[in-house]
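After the structure tokens below, expect a handful of questions from me.
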Amino acid sequence: MSLALGLVIIPLLAALLMLLWPRLARGLQLAAALLCTILATMLLQLVQQEGSQQLFIGGWNPLLAIRWQADSVTALLLLLSAVLHLLVSGYALAVQQRDKLAAAFWPLSSLLLASLQALWLSRDLFNLYVCLELLGMVAVALVTLSGDKAMRPALHYLLFSLFASLCYLLGVALLYGAYGALDLPLLQGQLQANSLTAAALVLITLGLMLKAAWWPLHLWLPAAHAAAPAPVSALLSALVVKGPLFILVLVWTTLAPAAFLNVAAYAFLVCALGALLLAGVAALRTPYSKTLVAYSTVAQLGYAMLALALMLSFNLPVFTAALWLFVMAHALAKAACFLSIGEMQQTLGVKKVAQLKGASQTMPLAMFAFAVAGGSLIGLPPSGGFLAKWVMLLGLWQAQQYFLLLVLLVATLVSAAYIFRVVVLAFDRAEPTAPDFSPQLLPQWLALLPALAVWAMAFFSMPLLAILQQELS
Amino acid sequence: MSWLDGLSWFLLLLGLVFFIAGSLGLLRFPDQFSRLHAVTKADTLGLGLVVLGLSIQSSWRETLLMLLIWLLVMCSGAVSCQLLARFSRDAADAEPLISHQEPGQTANSTSPASAPVTKRAE
Amino acid sequence: MMYLAVAILLSMLLGMWRVIKGPTLLDRLLTIQLFGSAGVAICLILAKALSMPALLDVALLLAVLAAAIPAALVQRLRRQI
Amino acid sequence: MLSLYVYFTLATLLIGFGAYGVWRGPELLRRILALNIMGAGIFLLMVTLAYRPVLQGEPADSVLHALVLTGLVVAVSATAFALALLGRILQKGKA
Amino acid sequence: MGLLLFDLVLATVVLLLAGTAIFSRNLTHAVMLFMAFGVMMALAWARLAAPDLALAEAAIGAGLTGALCFTALVRQPAALDSKVATSLLPICFVALITAALLFSVWQIPVSPNPALSHEVSVALPQSGVAHPVTAVLLNFRSWDTLLELLVLLLALLGAQQAQSSLTLYAGWSLSLSWSRLLSPLIILLTGYLLWRGAAAPGGAFQAGALLASGLVVLRLNQQLTWLSWQNPWVRLAALSGLLVFVLTGLFSLLWSSSRLWLEWPTAYAGAVILGIESFATLAIAVTLTLLVVGEPTEERADA
């Protein structure tokens, strides 16, 4: 577990040092990100070989201490966030001069990594609350880096996030009042199906849904994510909304009494359908390119919700694998989308989708990155998105849910529509929007990297599936 | 001991009377400065009596602490009374930004001191 | 003893009417003063009645802050002048 | 025993008031205040839960007290941050 | 009987304050009622046998929140009386949900599960302190506390981004000398709370918040002009709590026999906790002060 500890402490210490000596910030950032990626890889290997690892902080009894647990899903998520942090930091380093990225970006993004890693590891209901609050505050602070125009969306984001964590805390308080424990594995199977438990679970779920921007509680997300600087939007969309999602899955898979599962599955299903179709349509209609990508996050989270709903009602291991594959594929693809769109926005000096006309000519690399990432969002082979969707389709076929198969198809068409809306415009080479300055190659390459990673997921499909299935056996 | 207990209760009740007097003064006095006095003076005296009443029943360490508390409240009552009054006087002389009157209260405001504030707020 | 605390609370409630009604800013600033001194008194009585000597520290803290805060608030509000 | 229910009810009502204030506003500052009131309600619920052993003659639940203390710090930090953001927004509106 | 009556009256006062703070048409008014609400909550904690929380709430609710809210208040645009249309539908909706919540809250068993409390009392002798709340905060669940310090720091970092200019005005001599007179007392009391935390209610946060309100008062009276984030020593002080916490954790990781994160050896636990708490107090005080006061520009003292 010292590997896991390093994953949390290194970015934390790096951030503190950056605050003390701002001049060292960039070097420290890169070093910490590299180190974390290496450690996360090692941890993944360790977990694969020796099974899940546990730590009771301070060495106290399970009831008293805060438990950390690194199972294979956690290890994968740790690696995912470390890799994404590394990639986004690289991009930020390349563009910081040009975009006048505020100096506070470095410590804040390091703290973001630290709080995410702490969240993935924690298995204590109250500690998860603190992690959630931490994550929310870092996210809001990062949004404010855009200056004046971002202040109002940032405040709204903060208020929503605070309200959500209070709902979560209330739920936790009710659970503690009834069962007298905070440790998730200890509470497993303890909960009785009564109205008190129901109220607690509803409150926890509502809070987490609000934080994870699940349709129909997503209203804060597009404004906040669109207002932030490009590297920040990438981090927010790719990682931050996944934190609450992770807790939600934990709560529903370990805590919830069996009697509630079906009702919850139906509720999640309805939300998933709403997200997939309505948020997709919203992405299709918005005039601004960044808002488009932000709405696509809401829509894509629908897949995760769908997988969760299916997981709860059918208890097939395929859906668990599909859920985490979606999370990873979406994180990588969305980071690439935001970075490439941000790059195009900066270079072309435009905000609207319509003005991206001819971008394939002026900025081919960035456009290529967007197209590859978009392909994964749609689910075109070969990509991580395709892999996730394929696994899910297999599961649906197995469970004989033909109606949902159809819905999945429609959702795919909707996402294809909003991705192609951009791509088609970009290939319209008549009267392209002239760039403000000559496009730089390095940032475009760096924006391409996450897209290539999501591509690569398809080639590592076997080991990935093996890791995710290991969890269940 | 019983007469000590009786004394203690007498002091406590007397303190209560001053607290109530302070609140009544706050409610009934005609202008803001007299109301200020009602709160800062009567309540401080009430607290002092309560402290005295309680210290009869307490150990010397607790008594010392309570006397310190009373001393603090007494000083702070005097100082904050001054500060608040001065602030209010200055605020009445200058253009206030935040001492807004609720509409409808301009008419029935009886206090002479608050009149200029009201006028400027509009 | 608790009845005494109740009575002081009720007298506070009485004073609150002025605070709610206004009409001047000063009347409202008096809330802090009123709740400060009465709060200290109730805290002292609770310390005795519930026999929790730790509450004396709470009363001390309340008193110190009630002493310090007007100096800060008035300073802040003077901005408008 | 009855006191417990008095405080349970008070906590729930505070949460309700707070939730209403957060939802309806109308000013941003009032929403922030309402969030704090809602938080106070939740903390009150937790402290009342911690008070339950006292009725049976045992000391109060110190774990819950520690949790509420942590929660208070988190709440005051968040409030301060929100008010700083609000200050910036209002200043911009004035200029 | 007297206790129950007290509870009922206290509940009424708290509800009235909360209700008027939310439904009042005047924002200034709402803020002041909210401050009074803080004092009343402190009394509620005192009543419910939670003196630690009463101390914390007194320091925050009666002190810092007021200063914070007033800073926002002076920036509010002039038209303050808002036209609140208290429409019936939302009220009914919220009332319905509250009723449902009330129903489930009443279901909470009156006799709690004693396992965790029992565990605390068993482990208390090995924790290095005698006061269970401090033991939970700085030993059993110290990871929460570390993260909580991080939250506080983050609030400051975020507020730095949203920095807006405010002018400090020269104080009256009365408030200036009063704040100077108070400061030794506040420092003394801070030390007292910190030191008592090992055995009785009190501790780093309460002490830090108290120290912060002292610093705020001085700062608002144009004292302590060095107190700014630009000053590297101030930065060090604001980070010191976290740094010491993390470094002590790493140190114990390397030196203790079991090599566990945040495990203090029983023999030294008391000293370690006091050390961490002292730096945490400093950090909390500086951070809260910077949060409340911001980075104001000084106005020249007028004659």
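We call the chains A, B, C, D and E, going by the order they appear; numbering starts again at 1 in every chain.
Simple rule for what comes next: contacts are C-beta pairs under 8 Å (C-beta built on N, C-alpha and C of every residue); 3 or more make two chains touch, one makes a residue touch a chain.
Note that this is a predicted model, so its numbers are computed, not measured.
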Where chain B and chain D overlap in contact partners, by chain label: E
Separation of chain C from chain A in steps, with touching chains one step apart: 2
Maximum inter-chain contact count - chain pair: D-E
Chain at maximum distance from chain A, centres defined as averaged CA atoms: B
Whole-Å gap between the CA centroids of chain C and chain D: 20
Intercentroid distance (Cα basis), chain E paired with chain D, Å: 12
Separation of mean Cα positions, chain B and chain A [Å, integer]: 55
Sequence positions of chain D contacting 2 or more other chains: 15, 19, 32, 45, 49, 67, 70, 74, 77-78, 81, 85-86, 88
In chain C, residues with contacts to at least two other chains: 12, 22, 25, 29, 34, 36, 60, 64, 66-68, 71, 74, 77-80
Junction residues of chain E - those touching two or more other chains: 3, 28, 49, 71, 73-74, 76, 101, 105, 108, 112, 114, 116, 120, 140-141, 144, 148, 151, 154-155, 158, 162, 166, 175, 178, 185
Pairs of chains, among all present, that meet the touch criterion: A-D, A-E, B-C, B-E, C-E, D-E
In the complex, chain B residues that touch chain E: 72, 79, 82-83, 86, 97-100, 102-103
Interface residues, chain E side, partner chain B - complex: 25-26, 28, 73-74, 76, 78, 80-81, 172, 174-175, 178, 185
Complex interface listing, chain C residues touching chain E: 1-3, 5-6, 9-10, 12-13, 16, 19-20, 22, 25, 28-29, 31-32, 34-36, 39, 42-43, 46-47, 50, 52, 54-55, 57-58, 60-62, 64-69, 71-80
List of chain B residues in touch with chain C within their complex: 12-13, 15-16, 19-20, 22-24, 26-27, 32-33, 35-36, 39-40, 43-44, 46-47, 50-51, 54, 57-58, 62, 65-66, 68-69, 72-73, 75-77, 79-80, 83-85, 87-88, 90-91, 93-99, 101-102, 105, 109, 111, 113-114, 117-118
Chain E residues within the chain D interface of the complex: 3-4, 7-8, 11, 14-15, 18-19, 21-22, 27, 30-31, 34, 37, 41, 44-45, 48-50, 52-53, 56-57, 60, 64-65, 68-69, 71-73, 75-77, 82, 84, 90-91, 94-95, 97-98, 101-102, 105-106, 108, 110-112, 114, 116-117, 120, 132-133, 135-137, 140-141, 144-145, 148, 151-152, 154-155, 158-159, 162-166, 205, 288, 291-292, 294
